[in-house]
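Single-structure report; data block below.
Per-chain numbering from 1; labels A, B, C and D assigned in written order.
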Amino acid sequence: MRVTIFNEFHHERHHEAVKAVYPEGIHVTLGNALEKLLPGAKVRFATQDLPEHGLTAAVLAETDVLFWWGHMLHEGVADAVVERVQARVLEGMGIVFLHSAHYSKPFKRLMGTGCGLKWREAGERERLFVVNPGHEIADGLPPHFELEHEEMYGEFFDVPTPESLVLISWFAGGNVFRSLCTWTRGKGRVVYFRPGHETYPSYHDATVQRVIANAAKWAAAKSSSPFALGAPNETKPLSPI
Amino acid sequence: MRVTIFNEFHHERHHEAVKAVYPEGIHVTLGNALEKLLPGAKVRFATQDLPEHGLTAAVLAETDVLFWWGHMLHEGVADAVVERVQARVLEGMGIVFLHSAHYSKPFKRLMGTGCGLKWREAGERERLFVVNPGHEIADGLPPHFELEHEEMYGEFFDVPTPESLVLISWFAGGNVFRSLCTWTRGKGRVVYFRPGHETYPSYHDATVQRVIANAAKWAAAKSSSPFALGAPNETKPLSPI
Amino acid sequence: MRVTIFNEFHHERHHEAVKAVYPEGIHVTLGNALEKLLPGAKVRFATQDLPEHGLTAAVLAETDVLFWWGHMLHEGVADAVVERVQARVLEGMGIVFLHSAHYSKPFKRLMGTGCGLKWREAGERERLFVVNPGHEIADGLPPHFELEHEEMYGEFFDVPTPESLVLISWFAGGNVFRSLCTWTRGKGRVVYFRPGHETYPSYHDATVQRVIANAAKWAAAKSSSPFALGAPNETKPLSPI
Amino acid sequence: MRVTIFNEFHHERHHEAVKAVYPEGIHVTLGNALEKLLPGAKVRFATQDLPEHGLTAAVLAETDVLFWWGHMLHEGVADAVVERVQARVLEGMGIVFLHSAHYSKPFKRLMGTGCGLKWREAGERERLFVVNPGHEIADGLPPHFELEHEEMYGEFFDVPTPESLVLISWFAGGNVFRSLCTWTRGKGRVVYFRPGHETYPSYHDATVQRVIANAAKWAAAKSSSPFALGAPNETKPLSPI
């Protein structure tokens, strides 16, 4: 499996508190976890200040699953790159949006909705419950698991009804959230996974890493049935009219 | 119910064959049908060459359900109008896309996919089967109904899995199509209904008109529960942390 | 709308604490609420110790929406009545299962699953969040509402993926639950709504009553398109082979 | 993967025309195909006249995916076996229902609906279209494929809305059918695949065999997250109340 991890890589370079948690960047922590949990996976990184954000046509063509972490710089992502990402998803590339990527351009474009939610930074306890234990992304998960300190994201989460809802979060401060959702777009599989505020060590958590590895496995293309953009004129009928 | 019918209104003015079928425009035929079948409905029209295509913020604010028919001039629809339409859908305005509107800008934006399909202009027979007889849009429909001559649209139809699939079409030339699909986006209800090639009298057909009236009834907002775009910071927890 | 409310009517006659909350029975409290909120609705009652539990073929034939509350006596419901209820649902009768009816025979039969869940009687706070604000059952609801004391029901709730998920509950003791779910079976609409433990006054709560009235409106048949049980041999093709 | 193929094995022993097509029984043809296409798969057979129909608790405990073909003898399947099959599905055993198994007891029990459809034995052409090309069960399939002679099954197919709809059939005689549908029940994955009338050689067709092998791969359990029947009383809260 060929994984590309996009990270805007801003907080980790400019905020000491974040640098302390993810000294090499969130993408490196995620990449290490994926290489450990998915033997044979080949991970590469893309960060926002690279040319074309590191997401050239060549890179995307060689990517089975793209992870996306962004927060402050969503508007700086070039529309041409967003279109390219969408087109590759339709062709069958999997894509996993993490945490504040709910507001990224490619997520909004694939969802067709506003993608808003409520939030609160209080470092409160989050407890995630499995509500679809037969789903591949739930493999190896206990009935529920906890993160001691996280940012709260609360409903209403303005996304289309997920095709699969795998995790629902409970927050100590009184909110709930649909924390792991999946959709299909064209031949591509789309995942949203909630945790991962930059000031907390959630991506170092073993259960979170398991979810992320499972999400990569699930999102990678599973079918060689053809797909093509466009609207071909099939002038010859399949049966005589 | 306040209905606005958008029509690009090009074929009916420039092609004699189309003018013969819809002398006042497809929008007027649809509007007459809706006023007849939905007593009390107020219909207004919007055509593409009006300022802002007739879809000003004021018109949309007073619209419960928007119908959309377009074909040749999709690219000429202003992006600002597309964004305005999307935002109103998220707030709760219903929207019904007809026939070649599968390739319209607002449909693509709400779907997040390519929205392609196969097509053939051979005037072949189309037979539409009800596959969800309890759905409101199936009200009054027989198990199947026919259109003697229609353009063929064939799978694969590149849209997200519909939340409800109400009609599947059989075509004499050997294809099938998911012909009436619904989705939810924000608080808004989205319908796609396949028939209606401009050279055939499908919108004069009583059963087609029934589907269209049912679609308007179903798509109109049914809930006053609040919705707002954006991502509010709810600093005060609902329960003590 | 013709509503029939089935109640096993056991706790309210045999337990003083329950009698204090629902002196005439849960069914009467529900019936009064429905008559108040749905002008024109005709409500009748069925209790478990009536012949055929009050659910004769004649009663079901005249019922648009059936409510079901049961808890201790599920096994005492006759299988013939369960089959009759299922058949009427497939024909288009709506059915709303309340609270402990998750383990009733007709619910299990319509779901095809075990319908288990976790529970705790601690009188804890429940907060219900709207996660589908455009759904008819959310009409009039705020973004969230609370019940000060309720029994906890927690995930995993062993039901098929709901077609619509309208409410998710947060519990003070740390659990979450998919509290308002809908499904379609044949032409019939099925609702599950969580609150309503017999020792708490939840069915006297105005917002809960609003949900219940909305559920009745949503579940009532909306389509006259034909449905018939069976597998007819259609020997004559629709088109020449 | 451990596959068990249940076949009522009646037609192939009592009707010459069927014996000519499947001399060793449909189950043996299916088993040979699965062993060829899924290297390492272990196939065993169960036929209806074996004790417990060959579906003892021990056999089911060692089964990852159960195939089911039945037609004339559905009523002869013991209810205790049906309950055992359902319980294993909820635990995570995959199950694939073929053709006339739409009316088998375990399918009806898992669906909760009547499972009826229209049918016609005219040996007409069936053309199956992929409508979800990214689904694992579509892997290796062309956009459409044909069976020259098949029994017709037509809509309305009385099943709950499938979670995934992968194939839609076109029939020469004018009907359509949702021919490959999937559902989840508990942790179990359920597939219905339409072709396979006993008088036609459909299970010798390479593309049909590919679908069947893909269905087995998809239906096999993918998650070790725990599932248990029942409704445990979790008296101790997860967070202090």
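Note that contacts are C-beta pairs under 8 Å (C-beta built on N, C-alpha and C of every residue); 3 or more make two chains touch, one makes a residue touch a chain.
If you're wondering where the values come from, they're calculated on a predicted model, not measured in any experiment.
Common neighbours of chain A and chain D under the contact rule above are B, C. Chain pairs A-B and B-C differ in how many C-beta pairs are in contact, and the one with more is A-B. Legend: contact pairs of B-D compared by residue number with A-D, C-D or A-C; the interface matching in over half of them is A-C. Most remote from chain C, judged by the distance between CA-atom centroids, is A.
A straight line joining the Cα centres of chain B and chain C is 33 Å long. Distance between chain A and chain C, defined via averaged C-alpha coordinates, is recorded as 36 Å.
Looking at chain B, one finds that residues 125, 127, 130, 132-133, 143-144, 154, 156, 161, 163, 172, 174-175, 184, 186, 227, 238-239 touch two or more other chains.
If each chain is drawn as a node and touching chains are joined, the picture has every node linked to every other. Contacts from chain D toward chain B in the complex involve residues 127, 129-133, 143-144, 154-157, 161, 164-165, 168-171, 174-176, 178. Looking at the complex, you find that chain B touches chain C at residues 92, 125, 127, 130, 132-144, 163, 172, 184, 186-189, 221-227, 238-239. Partner chain A is touched in their complex by these residues of chain B: 86, 90, 103, 109-114, 116-120, 122, 124-125, 152, 154, 156, 158, 160-161, 163, 172-175, 183-186, 227-235, 237-241.
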